[in-house]
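Next come two complexes, and both contain chain A; in the first it sits with chain B, in the second with chain C.
On to the complex of A and B.
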């Protein structure tokens, strides 16, 4: 989960999120490069009385400021596409489960197991135990096995929602009448928090997601 | 009294000279900012992740969390 006044991305729990963080650093480095160049040039223009008012032939500089941005764009696109195809790699999931958005809670269906389905409502503030997080805890957590590929099918019962868990690098729109598929994998055990990420009404901010990753032997015990 | 003849000051190309000097400076500064971010933030972050996972034991982490009562699915 995010800590107070956090500006950056949350720590990665999945390999894909690690790649996304590295790509974000790469893209931000390019942004700082271009922004500092533009700011410096702007300050140059503001601090001189020298002018040049006659017509200029600018063939060389036009070439430079066309080709250089094209090279920069390719430097951004190549790692981006690499990660995009990495998220779509064919995997054989250990488990498939459905996350269905409702106003204003999530419901989970573990169809691989008989009769395993539950709703996940936000835990009201007055029911929180010491050490629990306000507006992030739920009554029934989504328990999942760690170090295993999991297929999530996300949909909605009513309006648009979005199932997001930042530390896993996952955000998938929940669209009524549509099943969106995403693959999850956590390298570590623990609790990972997320929140609905598509405006869905008055309690949009109050339908969080909590994933509890445990060893798959313990998961099998829990699921049965 | 003979008056000294001053050297003729540069009359033309002042803006071009300024631009030539400062464009090189601008590119150097922007590359410097990028290098600062890369070696000050990006590379240390990659190293931090590598160092974390070098000696990370998921079993130990799991047992500590279980003992602390973090998990609701395990009694």
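On to the complex of A and C.
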């Protein structure tokens, strides 16, 4: 989960999120270098005594500042597209989980198991135990096995919601009448927090998501 | 965390600190070298900034490529260690299959 005043990305839990963090670092370095160049050029413009009021054409500089940005954009686009296609890779999921958005809670259905479905409401502040997180804890956590490919089907019962878990690199819109599919995979056990990411009414900020990834054997025991 | 220009977290991003340091060194070498040969101050500053960008970018790509290779090797090693623990002594142990093949030859 995020720490107070955190600006950067959370630590990666899934391989896709690791790739996204690497891409973010790559894009940030390019942005930093471009910003340095622009700051330098601004300082040059402020300190020059030269003026040239009759520029008619400047073929060379026009070539440079057309081709160079095109190269930069290609350098950014290629890794970006690689990750995009990686998220769409066909996988054979171990488990399918449906997450349905309601105003203002999430409900989860494990269709592979009989009678395994529950609602997940926010834990009110006055019910929190010491050490639990305000506005992030829920009454029923979504338990999943780690190191397994999980197919998530996200939809909504009423208005638009969005099922997001930043440390897994997942954000999927929950649209009424539509099923959106995404693949989850966690490399480690633990609790991973997320919040609804599409404005859905007065309690939009109060419908968090908590995923609890546990070992396979423990998951089988829990599911049964 | 300290961020260069308020955006680049050089403490926590792998390879960022090394790239910026090598870039600064390259910038000083290129700019100062150009000045020594031409005595043109403004043009030397331009060369210095250009050198900074090119050297930083070059170090960045080189370091990130090696970092990615290292991470993949770490992942393979970790999986190999886990598999060895799981399968050692069982009929799925690849070392056992190898030994059987050698002894039959």
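The rule we apply is simple: the second predicted complex is superposed on the first by the 222 of 224 C-alpha atoms of A that agree within 3 Å, B and C clash if a C-alpha of one lies under 4 Å from a C-alpha of the other, contacts with A are read in each partner's own complex, and residues count from 1 in each chain.
Definition applied: a contact is a pair of C-beta atoms (placed from the backbone, for glycine too) under 8 Å apart; a residue touches a chain by one contact, two chains touch by 3 or more.
Owing to the predicted nature of the structure, the values given are computational and were not obtained by experimental measurement.
A.B. asks: Should the pairing of chain B and chain C on chain A count as a clash or a fit in the superposition?
C.D. replies: clash
A.B. asks: More residues of chain A are touched by which chain, chain B or chain C?
C.D. replies: Chain A has more residues touched by B than by the other partner.
A.B. asks: For A:22 in the superposed arrangement: first (chain B), second (chain C), both or neither?
C.D. replies: Both partners, chain B and chain C.
A.B. asks: Check the residue A:188 against both partner chains and state whether it touches chain B (first), chain C (second), both, or neither.
C.D. replies: First partner only.
A.B. asks: Which partner does A:149 contact after superposing on A: first (chain B), second (chain C), both, neither?
C.D. replies: neither
A.B. asks: According to the stated criteria, A:109 is in contact with first (chain B), second (chain C), both, or neither; which is it?
C.D. replies: Touch status of A:109: no partner.
A.B. asks: Name the contact category of A:12: first (chain B only), second (chain C only), both, or neither.
C.D. replies: Touch status of A:12: first partner only.
A.B. asks: Scan A:158 for contacts with chain B and chain C and give back first, second, both or neither.
C.D. replies: Once the two structures are laid over each other on A, A:158 reaches no partner at all.
A.B. asks: Please write out, lowest number first, the residues of chain A touched by both chain B and chain C across the two complexes.
C.D. replies: Common to the two interfaces on chain A: residues 22, 25-26, 28-29, 32-33, 36-37, 40, 44.
A.B. asks: Contact residues on chain A for chain C in the complex?
C.D. replies: Against chain C, chain A makes touches at 8, 22, 25-26, 28-29, 31-33, 35-37, 39-40, 44.
A.B. asks: What residues on chain C touch chain A, complex-wise?
C.D. replies: Result: residues 4-5, 7-9, 12-14, 16, 19, 42, 46, 49, 52-53, 56-57, 60, 64, 68 of chain C touch chain A.
A.B. asks: Which residues of chain A touch chain B once you look at their complex with the stated criterion?
C.D. replies: Contacts found on chain A: 12, 18, 21-22, 25-26, 28-30, 32-34, 36-37, 40-41, 44, 48, 50-52, 141, 143, 146-147, 187-191, 212, 214-215, 218-219, 221-222.
A.B. asks: Could you list, by residue number, the parts of chain B that touch chain A in their complex?
C.D. replies: Contact set of chain B toward chain A: 14-16, 18-19, 22, 25-27, 29-31, 33-34, 37-38, 41-42, 45-46, 49, 53, 56, 58, 61-62, 65, 70-74.
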